[in-house]
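Take a look at the structure set out below.
Every chain is named by a letter (A, B, C and D) in the order it is written, and numbering of its residues begins at 1.
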Amino acid sequence: MTLKIKDDKPFLRDTSKMLWDGEPAHAEVKDMSPHISFAQITSDVVNSLENPRPIYWWAIAVCVFMIAVGVACEVYQYRTGLGVSNKSNTNVWGVYIASFVFWVGVSHAGTLLSALLHLTHSDWRKSVFRYAEAMTTFALMTAGLFVLVHLGRMWQVYYVMPYPNERGVWSNFQSPLVWDMFVIGTYLTCSSIFLYTGMIPDLAVFRDNIHDGWRKKLYTFLAMGWQGTDRHWRNFRVAYLTLSVYLIILAVSGHSVVSSDFAMSQQPGFHITSFPPYFVVGALYSGNAALITVFIVLRFMFRYEQYLNMDVLRKLVRLTFALAMIWTYLHLIEMATVWYGHDTAARDQLYFKATGAYAGWWWLFNFLAIVCPWVMAFRRWQTNLPVQMVLSLLLNVGMWLERWMIVAPTLGHSHYPWTFDFDQWPSFVQWGILFASFGWFALLILIFCKVFPAVSMYELKELNYARKVEAHHALVGEPATKGAH
Amino acid sequence: MENNFNRRDFLKVLGWGGAAVTLSACGNTSVENGTEFVTSHSTEAMPEYAIPGVYVHFNSTCAQCDGGCSIFGRVREGRVLKLEGNPESPINKGKICGLGQAALQAHYNPDRITHPMLRKGDQGETITWDQAFALIKDKLTGVEGGEVAFLTGATSGHTGALLKNYVDALGSAKHYAYEAVTPTVVRAANKKSYGVEMPRLHIDKARVVVSFGADFLGAWVSPVNFTQQYAKFRKGSDGMRGVLVQVESKMTLTGANADRWLCIRPGTEGIYALGLINALGAKGFKVPATAATIARDYTAERVVQETGVSAEHTEKLVAILMQRTPSLVLVGTAAEGYAHGSENAAAITLLNHVLGNVGKTMVYPASVPFPQIEPKAGGRNTLHALSDDMKQGKVKVLFTYGSNPVFTSNPSVEFKENLQKVPFKVVLTHYRDETAMEADLVLPLDSVLEDWGSSVPEYMAETAQINIQQALSERLYPETRGFGDVLLALLKQRRPAEYDKYEDFYAYLRNAMVTNKVALGASSGTSDDIFWRDTVSRGIIKLPATTAKVSGKLAAIPSLAKLTLPNAFAVDEAYPFHLIPYTSAHVRDGRHANIPWLQESPDPITTIVWDSWIEIHPTTAIKLGVVEGDIVEVASRSGAIKVMVYVFKGIHPDAVSIPMGYGHEAMGRYAKNVGSNVFKILDSIFDRETGELALHETRVKVTKTGQKVRIVKDEGPYGGGQAGKRIALRKTTDKVNLSKEV
Amino acid sequence: MHRIFLNSIVLLVGLFAATASFADSSTAHDGVAPSAGNAAAAAAVEKKGFIADYDNIFIVKGGPEAKPTTEIKPLEWNWVDKLFYNPMGWINSFTDQLGPEVEQPIEFPHDRHAGDPGKVNPDGKTGDGINCMYCHTFARRSLTAGIPPLRKCIGCHQNIPSVRDTPRIVKLFEYWDAGKPIPWKKVHDLPDYVRFNHERHIQRFVFKQERPYKEVCGYCHGDVASMTVARRQRTLSMGFCVNCHKKNHSLDSTYTKAGHGPNDCFMCHK
Amino acid sequence: MSIANLLQNWSRYRDTHPYGGAKPHMGYKWAMAIDMDICTGCNACSVACYAENNLAVVGKEKFLNGKSMHWLRIERYWHDTPEPTDPLQLTAYTASGAGKHFPDQGAHFLPIMCQHCEAAPCETVCPVGATNHTQDGINSQIYNRCVGSRYCLVNCPYKVRYFNWYNYQDPATENVWPEPLNQQLNPDVTVRSKGVMEKCTFCVQRLRAVMVDARTEERLVREGEVQTACQQACMAGAISFGNMLNPDSRVGKQWIEQGVNIALDVQSKNEHVGDNTPKRGYRILENLRPYPSVMYLEQVRESSV
């Protein structure tokens, strides 16, 4: 199959020509040039469907391998029983629930970028929000898998759904897990709709620029007859705005509900009132860190240097830093409320986390999640790709550890001293499935970026137009008008 | 109780094909698809008591230990599913211990031997019972009676009588009754002091119990009875809660329940007892002159110095002993297990005389008027005698039953080696245990739940009693036989005229009981059938209690004047620690090691499961540089074993303790290679008077091996702490009266 | 695989039905009105501390004055109910409502034994009208109804020389002579986590309410008297049980004079 | 039942509190009292529970990894501070002289099983309603409804729920009941498969059997008519169990006598100064307000020795 753009010219193969002023491919693009043409944007994005760097295929292979490892672990666990994950009757949850929370957290960054910043008219989001939105959907799908993996009898998971039945038996609406089921389900549905809705104009561009093959059929179907008429655009904007408002509510309530899995229980260390905001901000924080990682990967893999440029990165990093600081504040607040509170069990718990069997991990997470983000405060490192790559990974490790530190030491050190259990190190099955979840997530992202527009063409064009106007005004000495988009 | 007149016949036809075993599943299974069988339970008419889906209760007797508790089995569709205590029995009054419950898993044990086995080289060959009996007959021909030996555990009842008859029939064959752990020395001391071997104890009537290492709540003599008495004693039927003081070097279950656990230097129990007598006299208590003379030298200072028990606690104990009477002083395994065990025990029994407890809380025991079925118990000295005989080639044919001497013997006996010198060894057993592995012929026995029998417990509460052991189910394996059946078959070879009339042991037992029905309390007009039905359905025959009294006279005690106690042990530099082999209430001497419930049931004190351990005091542990979970080598002059460390404060710093019964090399999947066998390092030091092996006399050294394991126990990393939570609460008060409580 | 497929269908149908049954308020026949009696009982308990006495227990609505329902109707649902109210049962109705046909060692003619004496069976003979519990004798005193021992069959049949040579009776006597029980196969087999108590149902409906045994047994077992080898006639699914048991929620599992079955999971699942 | 009905009668589907809720106990409230002064910690009750309730013997390795299945476990507490296991701490501990004291007032033995809380934390969090409160005051566990989310165990303050980490009944893998050991299994109790939670049921199979008989005879179950397996085995008679609402019941009298009110979380216990039978009833972790149905009687130790 060959892809052809509409005027029958072959895709531009020469990467150097993709850049607006002939810079080498790896050069840092400070900001998107106002001189780039709309056609250039279109061709750059359409081009990404066809010829990513070879490392893309290697990445796909690695992801498939990771998934294979996880599937093998899961098959083993399914057949033998959950015992192979090496949990105990005290440490009943472990890595799966921690990872579930982690992935739900990752999903929040997309909503932040695409919906919240959309409402605040932040221009710089325009190149990154599409893949961020995709991350939301895929991270939720990954989180959902962890729920399944976690259940003792996953084949009976439909019992959680309140479906009418002859037995007159319902799911228990008091249980936070049922709320989880509702909220994650709704969030996943809405974020997929949001993602899809936002893509319609771009899918129409693809439809119009690709001539044959399954892609043509796919884009034709998905574009839903988009013609770009005034009326289409008007309705589109209303729908998009409404969905974004709705999604923000869902995102906030989503992670609040996930936090109530913990906060609603009696466990000392879980039973903390400030958990919902703490979880939501933590989610945005870890999600943004993940965003930076994916940013750097996509930028290289799909040659998006022009659009995923340094200016965007700097803003992303600054946003992450700001979130890190809010999260740090909430983290300290959470500890302070425990420390000064009356619940001695929770205080013992905190003390145990800092000094007990998991102390090393706890301090490591504190270091990674509180101290490391300070690197982002320095301008010189904000656009340093290797530094940011490593840093964003470290932050994610830190935030995963944070979730794990909420689950594992807390369960091991409950109200009942006789059943304390500090020895349950997760087995290879748990690690394998966690490992696979990253592969699964990355695979979904990679496939998405190869099939769908990973950066939003129409919004970039809007931005481009605004910049052009801005440049023009700068040239003629008039002030730029606001709200050109 | 149900009619079980025709039960044996019924059980015979019941069979296993009929009992559909419900192995329920709630996994992926849904409504079944018609593959499950449902069969009528027998081709015979269904007796009223065998309704499918309905439990029926049948009385029997527990044979897990020699306590003689009466039990009933809940039987459903031919399977025994649960054992409960028989409320009619004065011994256990409807209760049953964990060991007794576990008889079920001995019955359904997957490692039971199912066929008679004959040694062929290293292999066992399955043979029939006829072949086996023919072989025994063959081997016994040309052998003099004196060259045949029987080694059994404690026996009583009609199997005991049959055994005696068979031994007689063989000529001068010897019967060695051997129990690995049994209070032989205490029996002897009691006999001397009170005139009876095992007086009946009234723990419930005592206000203070001072127990010198008698683990009467755990594994001593009749724990079910004593625990029930203990509950009454604690409630204090006469308005004052009983006070329990335990004097021992290693905390037993009883010690863990004591109001005061006095940790005493190993071997100085007698000194402490005499010190108490002296202190009582000093406080103005009227101590008989004989006793005062003996105890004269045991001043408070000397007692503190030698025993390590603080003077404060001794004073308090003396005060409470004077104040609250009657009291009761018990001598247990810990006090008797030394070379001077008899002296220790004598000194402690003396304390009972001084306190005036004899006749009050310690009374004459009941006994059955049939000497031939009385319990016959023996200690370890019999094993030595047998082993010597075997070494000298005096034993040509050896039968063993109810004991596992290869496992439980101490190394210097060289039992296993000497066993090789016996040309023909017949082992009657349930499992392929260590002794069975050495046998030439292994005869599989019925489990206690499928066998008939009778027994007379050594310790009887209230009245004399004969317990009837009823088969609760049909044989699991058709090729097993009861011990009585085997003996009867052997007797038929010797005295056919006398025994051929009995089809099996059941017939013999029935006949023996029915013949003596008048002596057993039935009126002569009762028909045999009714008497037998009645007896079996009750499971117990109560005979009137004896009215004799224990001798309460100090002067009557022979050799009292000669009572001298050695000083506390000198420090042995090479082997610095006293080894205290501890009788686990679960596996006892190892005979119950193959029962998974008991292996998984945590040791009450340490909460360790599935393993053996060594208890070491924290200060000692620091000296040795070991922490919990370290594997140490425990070496005595006789051998060495490796075992894991449990650091525990309930043990004297000079002592270490290892539970008995673990470390099987054979026996079955649950017992094999679990823990280490402490019998293998016991030194051969004997009690000077009785010749019984002094179990606690072994000295060991403990060296670190550098290996480490995670110790398998129920308690968490917090140990016995409560982390400031109100979980297990305690009131410490004086003169509590709980008797008014509901 | 079959189960996964089935479950996913149920999921889909369930999702659909969940939204649909909002409108389906007509099925709220089991609605529970707030009861003053309950509150009174609660107050009584409160007042007396934590031990209630028996007198106060009986003032709860649905107490002794409430009449037991005497009406037993077989389960009949229209397709709307099946689809919206009972999708699982609806799916079941396509699959294994009757269960598989079970081949028994002897093709026992229930119709010949228990059938109506006035009615001619397909084999041209009339029934004998024997009571179910003549053979299934344990039904009234045990969880299980029980299969009669072989002795019971022989007991009659040794005195009926007329059929002595028919193949089934010959087979029966073969078992008898061999001393082996007949390996019947279970027809009305519940999953192992369900415990149905025959005794309680028979005691209540046959002996207390004095209903005809054929009606009582037949409610779950169908008209066995017209069958040869018994075949399952009802789904015997949980919905089938709950159809009776759920009728009055205000009655508990433990009420001594209850007119309705308990509605307590722990009654059957334990 | 439609969803509309469900929403209308929302509160009736859950019992939140026994005396605030819509459904008071009618005739039965099963409760237990355990006297820790006469409990000797002998483990007979635990073994009886294994026998009665088809508990899996998990073996050494799984016990080590905290997968034991003892519904009734006996906890042994020392009254003094715990022994540090870390060698460094142990040195300091011994240097302080603490190690020289023997635990000379003995141990505490605490048999603990599911407390059948009236406001059970486990019940509210189960997503599928597999654990419920029955009308007679038992915390039920419905194995075939359980999906194995283990949330109940997380929320159980006593950690007395046990999860089937493996398929213990599968002869191919985890051979817990090899032939013929499986013939001992109690047919009245479901053998749990992998992935479900289980816990003490107050021997519900025994309770239901007598309750069915009582219903047939149109009466309530009498005191002494039913015993739990642990109670029946307990040699010291430390465990009493019965219908608390029955005025004849020993357990009900004990609760009254000890001044423990099942509906309160803070008991106003009068210590009876001068009376030498102090009230010693209490419930574990009462302050968390689960309103447990098991009352413990404090251990007593004589102070004069």
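Things worth noting here:
As a working rule, a residue touches a chain if its C-beta (ideal position, glycine included) is under 8 Å from a C-beta of that chain, and two chains touch if they have at least 3 such contacts.
All figures in this text were calculated on a predicted structure; none of them were measured in a lab.
Touching chain B and chain D together: A, C.
Under the touch definition stated at the top, chain B and chain C share these contacting partners: A, D.
Ranked by how close its mean Cα position lies to the mean of all protein Cα atoms, the top chain is D. Centre-to-centre separation between chain A and chain D, using Cα means, comes to 44 Å. Here the CA centre of chain C is 33 Å from the CA centre of chain D.
In this assembly, the C-alpha centroid of chain A lies 67 Å from the C-alpha centroid of chain B. Taking the mean of the C-alpha atoms as each chain's centre, chain A and chain C sit 54 Å apart.
Chain C has residues 3, 18, 21, 30, 85, 191-193, 237, 246 in contact with two or more other chains. Shown for chain D are the residues in touch with two or more other chains, namely 1-3, 68, 75, 77, 143-145, 167, 189-191, 194-196, 285. In chain B, the residues that touch at least two other chains are 22-28, 53, 710, 715, 717-718, 721-722, 725, 727. Chain contact topology: the protein chains form a complete graph, every chain touching every other one. On the chain D side of its complex with chain C, the touching residues are 1-5, 8-9, 12, 19, 22-28, 132, 134-136, 138, 140, 142-145, 188-191, 201, 204-205, 208, 211-212, 214-216, 218-220, 244-245, 247, 252, 255-256, 261-263.
Here chain D touches chain A in the complex through residues 1-3, 6, 13-14, 62, 65-68, 75, 77, 112, 121, 124-129, 145-151, 153-155, 157-159, 161-167, 173-174, 194-197, 285, 288, going by the rule given at the top. In the complex of the two chains, the chain B residues touching chain C come out as 13, 17-18, 22-26, 28-46, 51-54.
Of all residues in chain A, those touching chain B in their complex are 90, 153, 155, 344-345, 348, 357, 415-423. Those residues of chain C whose C-beta lies close enough to touch chain D in the complex are 18, 21-22, 24-25, 27-28, 30-32, 34, 38, 41-42, 45-46, 49-54, 57, 60, 85, 191-195, 197, 199-200, 203-204, 246, 249, 252-258, 264-267, 269-270.
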